[in-house]
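You will see chain A twice below: alongside chain B first, and alongside chain C after that.
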Partner chain A sequence: MSKPYILISDPTLRDGNHAVAHQLSAKQIAIYAAAADKAGVPIVEVGHGNGLGASSLQVGESLESDVVLLKTARKNLTNTKLGIHVIPGFATINRDLKLAVDIGVDVIRIASHCTEADITQRHIGYARERGKETYGVLMMTHMATPELLVEEAQKMELYGAEGIIIMDSAGAFLPGDVVDRITALVDGLSIPIGFHGHNNLGMGIANSLAAIEAGATMLDGTAKGFGAGAGNAQIEVLVAVLEKLGYATGIDLYKILDAADLAEREIMPLVPVIKSESIISGLSGVFSGFSKHVSRISSEYGVDQRDVYRKLGKRKVVAGQEDLIIEVVLELVKIRKNAARVN
Partner chain B sequence: MSKLRVAILGSGNIGTDLLIKIQRSEYLECALFIGRNLSSPGMAKAISLGVKVSDQSIDAIVKDPDCCDLVFDATSARDAKHHWAILKELGKIVVDMTPAKLGGLCIPAVNLGDAIEQQNVNMVTCGGQASIPIAYLIGQIHPEVEYIEVVSSISSRSAGPATRLNLDEYIETTEEGIRIFSGAKRTKAILNLNPANPCIDMQTTIFAKVKNPNIKALTEAVNQMVQKINSYVPGYNLLVSPIYENERIVVMVKAQGLGDYLPKYAGNLDIINCAAIAVAEEYAKKN
Partner chain C sequence: MSKPYILISDPTLRDGNHAVAHQLSAKQIAIYAAAADKAGVPIVEVGHGNGLGASSLQVGESLESDVVLLKTARKNLTNTKLGIHVIPGFATINRDLKLAVDIGVDVIRIASHCTEADITQRHIGYARERGKETYGVLMMTHMATPELLVEEAQKMELYGAEGIIIMDSAGAFLPGDVVDRITALVDGLSIPIGFHGHNNLGMGIANSLAAIEAGATMLDGTAKGFGAGAGNAQIEVLVAVLEKLGYATGIDLYKILDAADLAEREIMPLVPVIKSESIISGLSGVFSGFSKHVSRISSEYGVDQRDVYRKLGKRKVVAGQEDLIIEVVLELVKIRKNAARVN
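Our next item is the complex of A and B:
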């Protein structure tokens, strides 16, 4: 049996924005978009780390507006499709989505926390109405059982999603977890299934391969793994490994290697590494996008980041609840003060 | 003194919880509880309380206009528009629980007196009821407010189908409310649903960017405001007192419900209902 084509989507210029506190410049967008286009990457996703309309004090303000980010990318993409990540609750149709469609995005991925698919109904409907390639995205999928994920994904399919991507937003999965979920989704749905991996436990590539072997046909990867927290599955490694296994991606290996090297020089202050605290973040199942905030606020108040992740994990916080970091840090400060008093 | 006779239009969670709160009120009496289906759980509750019910929707009031003086509209933004056209003609006071924005926005702790001069009062949103009092104080204390942002997290279980379908309207109405009451140049509202079990209480964070932040004055004002809000929402409390962090003012509040018809974690639904009762009681006292 011939191996299926794997559709690769590259969110370097969206997820990577988390790694630089959403400070990617128009020039950097232009440089990488053009290189990815040249390498034959099918989809490049661009925007604030938390997607369209998410620039805020809660998750961080963007250096560039959505309009500048998207128009710049649009200008530098010829064959590659321009994609966006959209979370209802942050982005609205009237304020944000209309504008993005008018600028000329091709691919719209409507995302929600893994158990809240019904908030995506109107946004998916709108994207389809405007004739755009539309996917449903379930985030933080380690927080739901395979059965529950299937139910939520089926809702998105019903609303009109043309494929479903599950995200390991916390980098919490091991390959077996991915296989269980992807297998259930492939069985339960009639549309393509994809996987978006993070690298907190060093599983970015291994989990992506596990997803493919279980029947997924779409993968996300970023240049050098540039992305939230410990970073994402590395696109250039994915392309190499898929090629070795005989899967077609349509991406030129040398050119994606060049694009990744260019990205390292031009857009990354630091190439992602798995920091010690990222491992605890992954084990605690905390959204990777929290890492910059946890690091800053913990050092401001002099508490151990690892304790903060543990506490956030226990409270089962979801992406978008970044404000709780302050509350948890202040709680830890209080506990420390009380302990000092007792001693 | 005789009680003000009110009707509740809409027998869902909001309408039924309002009904239970009215049973305790010294100033209000529920003369008619109106839905579309006599077998709904809300109707069953009303019947068990011995309250007069109707399944005739707005027609129940059209047929018997003298049944009440004030109507709580707990239906949907679209239906509320249609109802208001009728109720206005009938001279009824309307307390609108939907984000239809047909009348002036009301936050009891801030503008109760002005609000009851109007025939239609809009209760904004749950996030608006929790955050606007604080946003208002930030605007009062700082002559120039560049930006205010409010983020609410609510338990998934407390967000019914209408809330989920109307997230965009929730955001738009909350942002407008913040702008009107604080005078901030730019505003933003964000809503998160959290499915954790046991259910999380409603929590709201208010962020602001201002010139020369006055945390001391704000802290005093916020403490007084929380007391004022507690007179009609007992479960409203301060979680994080005003701090200045990363060039932004941060204040966090939490709203626990009374656990009347809805569970205690549904503070988001409780806070808007408590506010609506406060408005209706103020009308009752005036007349």
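Our next item is the complex of A and C:
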């Protein structure tokens, strides 16, 4: 049996924005988009780390507006499709989505927390109405059972999604967790299934392969793993390993290696590695996009980041709840003060 | 069924030496050995990257002699056992192994290329005779079929090895490759089996887990992955993931995270990441210890490292054949010159 084609989407210029507090410049967008295009990457996703319309004081302001980000990418993509990540709540249809479509995005991924597919209905409907390639994305999927994920994904399919991508936003999965979820989704839906992995537990690539072997046909990967926390599945490793296993991606291996090297030089202050706090955040199941904030606030108040992650994990925080970080840090400060008073 | 105890051996101060051209200092050895001891790591392996007696012009001279390395480690280990990696040919019994035993090493691992177990007989015999915990190590095991590995490992068992560790020295394996080999070894031998993984294809941790699930009970891991090329399986990630899966290691998670952070600050110029050339070296099946040499010589002669790895892979080079790098580079220079002449 010949192996299926794997559709690779590259969110270096969106998920990578988490790693630089959303400060990617138009010039950096242009450089990497052009290199990815040359390597034959099918889809490049661009934007604020939390997607379209998310630039704000609470989760961080973008250096460049969505208009600049998208127009710059558009100009530098010839064969590669331009994609966006859209979380209803951050992105409105009238203000943001309409604009993005007018600028010429090709692929629209409407995302919600894994148990809140309901909020994606209108946005998916709008994207389909405008004739765009439209996917549903479920985030933080370690927080839902396979059965619940199937129910949520079926809603998205009903709304018009042409495929479903599940994200391991916290880097919390081991391969068995991925296989259970992808198998259930492949069985329960009639549209293609994809996986987006993070590397907190060193499983970015292994989980992506597990997804493929369980029937997924779409994967996300970023140059050098550039992305939130411990980073994403590394696109150039994915391409190499998929090639070794006999899957076609249409991406040129030497050229994607070159694009990743270019990205390291031109857009990344540091290549992601698995730091101690990333491991704890993965074990705690906390969204990787929190890491910059947790690190800053913890050191400001002199508390152990690892304890902050554990407490955030127990509270089951999700993206958009960045304000809970300070609450948890203040709690730890209070516990420390009380302990000092007793002693 | 309760899960087996997994015996973790930490070669940060031996495999890590590859990453710094064997320049680890006595002070650095002391600092990390003490931290690993505090974290409850069962075995710490110390030495030149290629093991006991390997310091030489050809593969690189150690900053410190074996005597200094081993005595320093010995002084800083209380509960943790001191281990050495021994390749007959580099290490002689009378000059090197006797000395190491006299200094007080606890664990001796006698290693050979995966098809050359024969050369380990006398060394294994000597280590057993001196009453030391003795293992056989097969290196570059992607170059042998599972059946051949079993034959070679059986020889080591016959010589007296109390366990067998297979190394993915080139970081070339995917989990299925590991499962095939470990399963065959567990079936074919009556002693414990272990796995030593590298991360060239992003599989350091995933391959280690695959080994455990196939019946291995020993794993190697290094702080932050410090080691040759793309680095080793990261010990603090291994400990976290094994804990998540319910395997006991006896290692304290927070303390091994601290030890790894200390190692990053005190002994590592750079935390290993998966570079483009590491991916190609993994795909080509070239020993990760070659990477410093390949990088230096390639850039000296202005040839593409990736082409050097591919040619070395075709020649099936193994550790100790570092002199072939210059031969291959000169070949590429010649091809380039001839091409220039034709044009």
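Quick note on the criterion: the second predicted complex is superposed on the first by the 343 of 343 C-alpha atoms of A that agree within 3 Å, B and C clash if a C-alpha of one lies under 4 Å from a C-alpha of the other, contacts with A are read in each partner's own complex, and residues count from 1 in each chain.
In this text, a contact is a pair of C-beta atoms (placed from the backbone, for glycine too) under 8 Å apart; a residue touches a chain by one contact, two chains touch by 3 or more.
Fair warning: this is a prediction, and the values are worked out from it, not measured in the lab.
By the touch criterion defined above, A:D15 reaches neither chain B nor chain C. When both complexes are overlaid on chain A, the residue A:E45 reaches neither chain B nor chain C. In the superposition on chain A, contact is made by A:L257 with chain C only, not with chain B. After overlaying the two complexes on the shared chain, residue contacts for A:R306 are found with chain C alone; chain B is out of touch. Applying the stated contact rule after C-alpha superposition, one finds that A:G202 touches chain C and leaves chain B untouched. Judged by the touch definition given at the top, the superposed model places A:V317 against chain B, while chain C stays out of reach.
By the touch criterion defined above, A:L57 reaches chain B but does not reach chain C. The interface of chain A with chain B does not overlap its interface with chain C at any residue. If you check the complex, the residues on chain B that touch chain A are 147, 149, 151, 153, 156, 161, 164-165, 167-168, 171-172, 188, 190-196, 200, 203, 205, 207, 209, 239-240, 243, 245-246, 248, 250, 252. The residues of chain A lying in touch with chain B in their complex are 56-58, 88-90, 92-95, 113, 115-116, 118-119, 121-122, 143, 296-297, 300, 315-318, 320-321, 323-324, 326-327, 330.
Against chain A, the residues of chain C that register as touching in their complex are 174-175, 201-206, 209, 224-225, 233-234, 236-237, 240-241, 244-245, 254, 257-258, 260-261, 271-274, 276, 279-280, 282-283, 306.
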